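Dropping the structure in here first, questions after.
By letter and in written order, the chains are A, B, C, D, E and F; residue numbering begins at 1 in each of them.
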């Protein structure tokens, strides 16, 4: 931060680390309705992440924070993923969640949190949330990055473009190439 | 961050920038029930900030984030204040709020946000939220610091220990010493 | 800092965090005569801050420092303010000053410093200097930011554009709306 | 870095972010023979990472760099992993490697590099190296962290202690619980 | 900065990056009289640097700034040196100085500055000041580090303990070993 | 790092801290053959540094690392220099080297390292490597900066453009102006 504000200039063709700024800031640059409604969880994982980062809230540029809401149908999973640029802290809006992160020593730190409780996922470590309850769950997440980035382990490895070679995945997971191709198909 | 985790060692007498760490981390170090219930707004400002920072969640040490919930009775005000170490982003849990921050050019950037909407308060700039509705309001705030610090302008100036001299405040606000003493009395 | 120098390119229309750089640096980019003469203290506060930051010294871009001189007539006050992006250290050129800062625990740390002495104001905390002597005073201030920003609490709250609503200020300072309007008038 | 050096004090019981420092630095604090010999690749992945970070080179504390050598038998794989605290750059000492990283948009950026060539793996993104040649390969890696941390995706997910629940993994990879248990067994 | 203040605890035996903090801060922790009087320039270089960094002002710990005054007799030189941890900005208290820094492209950026003028020396680059006037000169320097560190090129190379080998210096400066030994003798 | 990648856009005329980014990244942006062959040591110092930083590897922009190889003929010297923006760690590819750095307290920390061993040179401190063996030597260096910058003390002082004044150097090294001119001539 080298000045108060640097609101994204959507009209600029110049690309920099973060974004080029426009001359004038308005209150609308600092808000969004994106998180207002529960996300549609009608998908493979029965969960949906809805971001409110610098792409939705242009005033966040250079300010080092963002938010997201995550909705989970019963049984819904936000599958194991990392944020390369942010620690995440979640607050449960409703329902209850099994949550956990894994350290670089392969230690799982996990618990169950309920409405009104919080949990923390350190920057760059694999973590997940799963709704093991019978009713929908939702959280608000806060991040210390304007654009945390998300890398789902399964999707990144088995659904990249171009694909990660089968033999790399077969060796990494100690499975057969046929097993790899099955996972790739399922995650499409 | 020079390792995955550095959970606060509450037993240590050694004080450092942040906190000394204990040897082992548990899931309980990363959660709190502090934000579960609405704060008691039966006070002068009819609003209450309940923190979930490194003092409540020892696992946050070195991780660069924290949260808070703020509750507002109708007419309640979280009075103008700064966070010297964090940008803040809020999400409205219920009710509606008049929110604003003031830039170093003395420009007020303000709007009204409703349930499910967000707003951003850049690091170090004066900001406030006021519940101008008829029902209680509440927000979850995310910060990019494990311990953002809060400095309410009125309380810091008129209710410090030892007190800021009357003549400093009289000149700063261009009022009389009697006016200063009245504000000091009211803010006790 | 990703290279030695990034001197502000005043001709560029592209706005980034900090400033776009020009191709060639000259010695004149790193100096200014702005601080040479005492500032004119013939104003409401009988004090004047004269900056030598990246706006006056284009070579400071990306370098993380700046300076200012502050002049005070007898009785002059640099009213309570914060720098959202810098810690400040002052050296008294002449005269003597009552100085202080207020922590987020509302503790005032204050003393009197004389010619040749120094004092420190931590980043983001309210602080002030007042000349309680009979002769003019002056300081040189060093900052750890190319553009520290200054937010005077009274001016930001009572003289913003558009104005902070009267009821926010009345509640914050626990005074009447008429008192608020009087301060607003006086600080215009 | 707040002073020139802060060599790890192995005798101290105080744990901080990084390490407590000892009073005197010697040349031996800044070197190691750990990387001298090829690592033993007689393991499941036919590859071995040998670190030279702050645990092996105590002088690295606070200095923000470290190295490692990685050896690969023919067909050897350094399986997909992240470094939560560092970007990595590798230089091929001998042999040739298929290398790649995956962005948060699930784009694979991959190529083959030979002796004397380099490649870069951005902080926090999944990446791998595989020796598809007929002779052993080896690289020297440089990191911008004294202790980058390594999280192998397969091992973290399928071989954590306590284990990540089977149903989390089954849903994440869209496979059956029996498949999950097979991978867990294979990766023990 | 993870809290408002972290004043050096001089009684602690624990050494960390920076310093361990004491429990309570006083105004005296933030000031010094060290810079009050001109330094004694009766030495080889006819110039003296008097620091006011964290060693003299314990309150500076974690705050990222410090100051120094430099006095120069006529003809006095603050010989070419670097600050590995800080950019420096100077303000001329009296007299006039020839000042310059050298970029990594070996470009000298130099000028003459007079009383009340400023100049900037970017972090880590060689720079010097020389009093080519007939009267004493003095500056106040501001740094963006609590402890900038100073490495005089000539002293570091020719007066280190143990000494830098003669042949290293002979080759570096393309002179004879006898010339090296003469400089070593002169700089003792 | 505010996004995964920001590969240098070589076609852009806009200059910023670091570089403007292009829209699309390719694997070729993250590699180079620059370090493949030994550098030509047929020069004054009988040593050559070949960089692989952001100028050669455009994908390094914003990623905070780079590498170099250094080749030394027998007797070859990489003369005393600093990197203003990086700590350096070297790994000996072949041969053996006398290496050392000098602290700001003028303490030389030096040793001899052989093939497969490493050494560390803290950011901003003078350091050197010399091949005192009978056969060529080479190292791979890792840096925690995309563009570390290099300032050779002798060349910066005695071969700058425009030149550092003779009397500055004569006083700094306590030698005569004729000696200064001789070194200047030799280092051309």
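Here is the rule we go by: a residue touches a chain if its C-beta (ideal position, glycine included) is under 8 Å from a C-beta of that chain, and two chains touch if they have at least 3 such contacts.
Going by UniProt, the chains are A, B, C, D, E, F = Germin-like protein.
Quantities reported herein were computed from a predicted structural model and do not represent experimental measurements.
> Is the contact between subunit B (Germin-like protein) and subunit D (Germin-like protein) built from the same residue numbers on each copy (over half shared) or from different ones (under half shared)?
Mostly different residues form this interface, as fewer than half of the numbers used are common to both chains.
> In terms of CA centroid distance, which chain is the most far removed from subunit D (Germin-like protein)?
Here the answer is chain C, farthest from subunit D (Germin-like protein).
> Rounded to the nearest 5 degrees, what is the angle of the rotation relating the C-alpha atoms of subunit A (Germin-like protein) to those of subunit D (Germin-like protein)?
It is a rotation of 180 degrees, to the nearest 5.
> Counting in whole Å, what is the centre-to-centre distance of subunit C (Germin-like protein) and subunit E (Germin-like protein), each centre being its mean C-alpha position?
Subunit C (Germin-like protein) and subunit E (Germin-like protein) have C-alpha centres separated by 26 Å.
> Approximately how many whole Å separate the CA-defined centres of subunit A (Germin-like protein) and subunit E (Germin-like protein)?
47
> From the C-alpha centre of subunit A (Germin-like protein) to that of subunit F (Germin-like protein), how far is it in Å?
Taking the average C-alpha coordinate of subunit A (Germin-like protein) and of subunit F (Germin-like protein), the gap between them is 40 Å.
> Scan subunit F (Germin-like protein) for residues touching two or more other chains and write them down.
As it turns out, subunit F (Germin-like protein) has residues touching two or more other chains at 1, 4, 14, 16, 18, 84-85, 100, 104, 110, 122-123, 125, 145, 149.
> Which chains touch, pair by pair?
Pairwise, the chains that meet the contact rule are A-B, A-C, A-D, A-F, B-C, B-D, B-E, C-E, C-F, D-E, D-F, E-F.
> In the complex formed with subunit C (Germin-like protein), which residues of subunit E (Germin-like protein) make contact?
Subunit E (Germin-like protein) residues touching subunit C (Germin-like protein): 1, 4-5, 25-28, 30-33, 35-37, 52, 57, 59-60, 63-67, 69, 86-89, 91, 93, 100, 103-105, 109-111, 113, 115-120, 122-123, 125, 140-145.
> Can you list the subunit B (Germin-like protein) residues touching subunit C (Germin-like protein) in their complex?
Subunit B (Germin-like protein) residues touching subunit C (Germin-like protein): 44-45, 77, 79-80, 82-85, 98, 100, 102, 104, 106-108, 110, 122-126, 128, 130, 149-165, 167-169, 171-175, 179, 182-183, 186-187.
> Considering only the defined contacts, which subunit D (Germin-like protein) positions touch subunit E (Germin-like protein) in the complex?
1-4, 6, 9, 12, 14, 16, 18, 20-23, 61-62
> For subunit D (Germin-like protein), which residues count as touching subunit B (Germin-like protein) in their complex?
Counting only subunit D (Germin-like protein), the residues touching subunit B (Germin-like protein) are 14-18, 84-85, 145-147, 149.
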